[in-house]
Amino acid sequence: MEAEVKDQLVSIEKPELIAPPNWEPVIMGILCNWCSYAGSDLTGTSRIQYPPNIRIIRVPCSSRVDPWFLIKSLQTTADGVLVSGCHPGDCHYISGNYFARRRFLVTKKLLNFVGFHENRIQFSWVSAAEGPKFAKVVNKVTEDIKKLGPLHLYKKENFEKK
Amino acid sequence: MKKLTYFPGCSAHGTSEEFDSTLKLVLKTLDVELEDIPDWNCCGATSAHVMTENLALALPMRNLVLAEKLENTTMGIACASCYQRMKVTKVHMDENPELAKRINTTVVEEGTYKGTVDVKSMLQYAYEDIGLEIIKSKVTKPLTGLKVACYYGCLLTRPKNITKFDSPEYPVSMDQICEALGATATEFDYKTECCGASFSISNTEVVENLSGQILAMAKESGAHAIVVACPLCQSNLDMRQPDIEKKQGVKYDIPIFYFTQLMALAFGYPVDQLKFPKHIVAVEGALANIGKFQPVPEKVKKPIKAVEAESEDK
Amino acid sequence: MARVGVFVCFCGANIADYVDVPQVVEEVKRIKEVKFATEYKYMCSDPGQGMIRDAIIQYKLTSIVVAACSPRMHEKTFRKALSDAGMNPYLLEVANIREHSSWVHQKDKKAATNKAMDLCRMAVAKSIANEQLHEISVPVTKRALVIGGGIAGIQAALDIADARIPVVLVEKSPSIGGKMAQLDETFPTLDCAQCILTPKMVDVASHPYIELIPYAEVLELQGFVGNYKVKIKKKASYVNFKTCTGCGACWQKCPVKVPNEYNMGIDKRKAIYTPFPQAVPNKPVIDAENCTMLTKGKCGICKKVCLPGAIDYEMQDEIIEREIGAVVVATGYDMWDPTPYEEYGVGRFKDIITSLEFERMVSANGPTNGVPQRPSDGKVPKNVVFIKCVGSRDEAKGIEYCSKICCMYTTKHTILLHHKVHDSHAYVFYMDIRAAGKGYEEFVKKAQVDTGTTYLRGRVSKIYKKGDKLMVRGEDAQIGQVVEVEADLVVLATAVSAPKDNPELARLLGISYDKYGYLSEAHPKLRPVETAKAGIFLAGCTQAPKDIPETVSQASACAAKVCGLFSGDTMKKDPMVSTINNEYCSGCQNCVKVCPYGAIITDEVPVGHGIKDLRTVAKINEGVCQGCGSCVAICRSMAITLAGFTDPQIINEIVSI
Amino acid sequence: MNYTKQIQDIAAKLFAEGKIDVFVGYRMNGFDENQVPVLITDPQDVSKLVFTDKSVFNLVNYLKTDHTRRKRVGIVVKGCDSRSLNLMLTESQVKRENLYVVGICCEGVVDDAGEKMQNCTDCMVPDAVVSDEMLGTAVSGSGTLTYKKNADIVALAEKPLTERAAYFEEVFENCIRCNACRHSCPLCYCAKCCIDQETATLYNGANTTSAAFHALMTWSLHLAGRCVDCRNCEKACPSHLPLHLLHKQNESVIYENFQEHLAGVIPEDRGAFYKYSLKDPDDFIM
Amino acid sequence: MSFTTFVTDKAGLQKFYEAVMASRETYAPVEKFGKFDFKRVARLSECDPVSPIAKTLSIKPLFFPRTAKVMKYVATSAGTDVSEVDEDPLAVKRVILGAKHCDARSLQVLDKVYNWDYIDTDYQKRRENTVIISTRCDKADTHCFCTSLDYDVENLDALDVLVVNGADGKTYLEARTAKGEALLGETFTSDAVRVTKEEAAPEMKKQYDAFAASFRLKMDYKEVNAKLAKIFDTPEFENVSGNCVSCNTCAFVCPTCHCFKISDEKVKDTGVRYKSYDSCNNGYFTLMAGGHNPRPVKYRRWRQRAMHKFVYYKERFGENLCVGCGKCTISCPVNISIFEVVSQVSAAAGNRQ
């Protein structure tokens, strides 16, 4: 029995909380329309398989991503977030991803500072041609977050999570 | 009294002794004191850089490190080959500090390379640091009437990004110095052609061909003499001249002067101090033109930039 | 209360094999706002679309979710289906359950189904916050600006004007014609450049839809596609073009002689001059730098001899403003200056000339009446050496690219030389002969045979003077030897380089340029005529070196683009643009800084609360906005909304799973 | 540090010359050593003005209220205050021509207990960077500014994640969401704070820990690259929360990664989020 | 009914507290970030029953929480399922230690509004189930003025058990209500001495007199009530509100403010409705759905605050909506004192007459 308890997954930020059996993380993926969303479509068209934990939201550009969306996701439904945009220099809107990059770094460091594991907030540049890379990124993020366990910090405590 | 760090090089005490001694006379007039680099060593030319890069850089670096101890900002080098090796080493070291650190370990007992000393050929020093005005002011016996072809050779101005001095293909600095001395510089297109260099010993025929062309072009330009700033050029053009004449069946009789010899002459030093007897081709014929006639005032050579400007006026 | 209809697609077996579609339908039916949900084999088919149309009407739906393939695939199809049913097409949301679920989770049907349900729920949640959007129509000023009056600008202007669209053609020099007007004959057909160009020049001058502004420069461009405002500086010509008859008395009597640019300085022109006899407009201008009347106040001869009294020494530069809708940039090219080739003696030897100088010499209306002469002594050259790639393909001294036209024009020059000086002999030093083009290779082959030109593959290492000859020493790589050619004249095929004013022009137009100074196209393959800025197009060598046929093609392509842009009274535009809520905007103007398109400007609005004062707020020009959303995320006051991707929409998606 | 006399003279002169409508300064609170901000409109009240090391509150905050808007204002600013004023000017919130700025070469102010405040001991820009008139002699030496990383964030960053999480959970739990932090911040001038707008209140309107987390995170990110470390927020917080931690954390990330200036030191500099560099760190992105 | 008074020493008081904690859920001031807030405690060492008044938040949140769940709902196509929230954690039987007199008094004031036209059952239940043990302050704080208001601080019956540290070194505990009497009876240990009220009275009076003499601030609330009622339109409000930064802190820390807002939070199909504090100093407090805002400017909001506390509430319920605790002044970032404001405004009114 004790061994079983040890095997159980705990939340990295709150080790006193144990994940329910067969717990699967939810990852919020926010992708820019022109590169990463197209890349994720290519992953589909190429039938490259990846874990089913990610839920994808389409935005026009990574610069549309308000840090608010990340905070909101982590507070409500997600155990981790992935934001993906065009590679530097490839932004459909010329410079959007450069502005986004600064915000992302500060947001990530701040959330980490107040207690979130840094792997819960991840970023990637995926171009429209990088279907395999998108699968790789999702694999990595899912693996990382599975290791971290469920997120409990600042969750709306009254809502049952699936 | 200006001070100048001096790297004589091996030839200064051998084949080009006249270069060395007249240089010292000239600089005395120009109020420049030479300080020899203590315990200087071979620059590595011409064999080191085809054998090992390390050695080719380490030998000049030792000289540079030693030169830095003298606290002068400039090092003057008589021999064009020595100048080339030093300058190449200095530029490489300054551009690549990592390399400098690595090469420095070889000569670490002499000190650390700092890059504080600039490397200049004596021609460059005379042209840039002394200047035509001062040279002109020291002339007591102008060389009026003497027509000279200035021959720079391959090393003094090339490669351009290393030497950063004068035009690599059609330099004019020596021409202007000669004009300042009162001589006339002829329009001479073979200024930077190859003289055959060290094939002088191993394959004399090459030198005879190449230097032969230079002599022929000089003759065609109407020059009485050729002026050089490189010991090897001087020896090839001078020493091989009789053979060339024999081969081509042409009588050239063009003496090959170091520019310092002409400077010393113009500054009024007696002829017996100028080591003319060391020359193979007799100088008297050429020197006889001095003062013989007022030259038709050919268009005076303008500085490099003015030449470009002139070209627009077709 | 929203009434959402959900349509889940099988996509044949593509979705149905890996996602339990009926279960997805059951799940979405549980959502409060979903009033109708169904499934179908192919939603994109006509019957599928019909189902959507019917359901909209029957269930009074207020927004639609289609769960199928990627929205990048069929969003437009389904939007049309909504339109057909009388519904605003932007009330559609697409849940991507194929690319994002069935195709990527083929081994786990349960997980794929779960994910498909979540994706549908997210789409439903987003659609609840969807709003009716309407295509934006931006009024268009149907007038085009063409910058540059070379063959590219002339062609573009004529093509646009022939479509009855007014064109403003701005040319820097006193006459249009450009480089082509300096050419003698053109490859590969050897027709006379003047003969084919001058009719076009005259057309420009007489075309009712073209306003020609010569001797002028563009100063400023403001606005956005369809609605630009341009400021043009018309330099003072000191000649009243309206009264001038073009008789030429003035320039015949003018005492001041200056090198003639048109003839590459080979001969002289006067201080009052027309650039060349066929100039359009054929009116003289006074060169203010050299005219002694204007510089020193002495002379005034031209005024005395001008019977119509067209000379006006007091004339000032004039600023002309025009409202235009599109811009064609056709500023051409410059010849590269070969001065760095010191080993050739460029600048020292008078008998080394550039190819354009040669072109002028062999031109029938040129300074030497069509017979080449040595600049040094005026003798007709017999041995002429042509050196190609002077500057081109030379990283050390010149530029990296191939100038594209030199091979062909040098071949042409050998022919022209042969025509003009029958006993001449041409030598060509070359690296490669690049003759890709219709009839080009044949032209080169024929020229080699007809002219007997000696082609030497190799670079020239030195040119020196021997007597009155130039000795050209180079390598003949095919025999592996150094060769020396005794030449009377050396012609350098100098590279084509970008106009030196291009960077400044690019800055004032707000477009980009490459490291050489050529203006950048929007896409190297698929959008070679457009720039990144909507409504600005490129024609000719200002984008990259080109020959005349290519230049003309691109100019006509520009014209087609401009005509397309002007095909309606307004331009239609995607409504996914940002808008500002004045009530919340604090006027900090940070959005102005981050907008990549300069679409945000400031505006003054009343303070309100009975206070009689104005405050500054941001204002978005929806004609320019491309909908990236940078400003939305940067706005601390959350005063900016990006239609289609509003905060409530995205937050709804986040909290709906 | 006592500029009471000079400030009274300046204010009196400005009123006499008719250059200002209101002067924003400090007065004694009337019963102990502490001071309160005062907005003086009557020239006769000029004698109430004081300035000592107890003049703590950042007065730039008052430039966003109706009492000063559309008026000509005289104001006293310390180093940190002047930086926030600089940002207000850059962000077009006040017009320079409407201001008469009395800059202080600030030697640091003290808290209620008489101890020098932490932001003063760590102060990198003690002298006012924008002023019409400076009082005192420059405190900052010549030479370049060296960045002092806040000791509190260094200590916290070294702690294990779980401890940090627990610590901040307590911070957010003790937040009563009165929003005093934001109202006392001179740079929170939005017409309606995004946290109070419908989109936000729909999910975070209540005063829960979760909502406090959301509000403080959003707030500190909106001040990232702009916070001038005047600590008005901490002074206002009824729960004495260590709010500076969030700001200093952002400031250090921005300073170390983007090589930006400190907020408000350079005129016309809007802060790190409103520009970018091609050299920004990219290694944290996959 | 007469209530018991006990006399004991410090140790006895501690024993009493420990006994209370052992038998009931107990709330007491707990320090966090230098500020005391009433939290549930299990051990005496966790809390400080005599926390300084200037650093202690009020007990109001224990009756009127900063955020309370009103209801919970699940909305699906089958309909909307509304359910009561889970049991109220504050409605159990409990004891509050270390409450101040002003805190206790505030509940009496609040009772009026909570039992007015609508009876707030949650509040009622919490009140009924709570026993308040209050230690009388020994010295007034700089901003205290409870003795100047319309209640008898000495004989206050808003608290259930009074604790007084007598000048003689003894500790007096007096039950003031039946609830208090019961608690004392249940938990007080035998080593304390039971005395009559009269016996304890001199020492307690002495302590009270010393306390009452320590007040810096004194005013005549009747004069304030009367004058304020007449000067709704005085420009003086504009002056006194000049340096207010509208931060809302005063309302959030005030033991008598009771304005709240309602908000929903919904994730997926499930939602919760919350009731949370709000403040009349907030510019959007009175913004109506139609867009009209009757109090768009700061001085009007300030006037409302002052008038509500000293005029309107008094008119409706006969009490001042202020207990003189000074918490708003202490918390105010710019030290605006409600005392100063009302004094200044009514003084201005005096000048006008």
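A, B, C, D and E label the chains in the order they appear, each numbered from 1.
Basically, a contact is a pair of C-beta atoms (placed from the backbone, for glycine too) under 8 Å apart; a residue touches a chain by one contact, two chains touch by 3 or more.
Owing to the predicted nature of the structure, the values given are computational and were not obtained by experimental measurement.
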item	value
Set of chains adjacent to chain C and to chain D	A, E
Smallest count of steps, each to a touching chain, taking chain B to chain D	2
Chain whose Cα centroid lies at the greatest distance from that of chain E	B
Chain separated most widely from chain A, comparing mean CA positions	B
Chain C and chain E, separation of their C-alpha mean positions in angstrom	73
Distance between the centres, which are taken as Cα means, of chain C and chain A, whole angstrom	41
For chain B paired with chain C, centre-to-centre distance based on mean C-alpha positions, whole Å	54
Of all residues in chain A, the ones touching two or more other chains	68, 72, 76-77, 95, 99, 103, 156
Touching two or more other chains - residues of chain D	192, 202-203, 208, 273-274
Set of chain E residues in contact with two or more other chains	265-268, 297
Chain C - residues contacting chain E, complex	29-32, 34, 121, 609, 655-657
Chain C contact footprint on chain D (complex, rising order)	70, 91-93, 189-194, 197, 199-200, 202-203, 222, 270, 273-275
Contact footprint of chain D on chain E as seen in their complex	32-35, 37, 57, 66-67, 142, 216, 242-243, 245-249, 251-253, 261, 263-267, 274, 276-277, 279, 282, 284, 297-298, 331, 333-336, 340
Parts of chain A lying in touch with chain C, wherever the complex brings them together	26, 28, 33, 37-38, 40-41, 43-45, 47-50, 52, 55-61, 63-66, 68-69, 72-73, 76-78, 92-96, 99-100, 103, 135, 162
Complex contact set, residues of chain E against chain C	75-78, 80, 266-269, 296-297
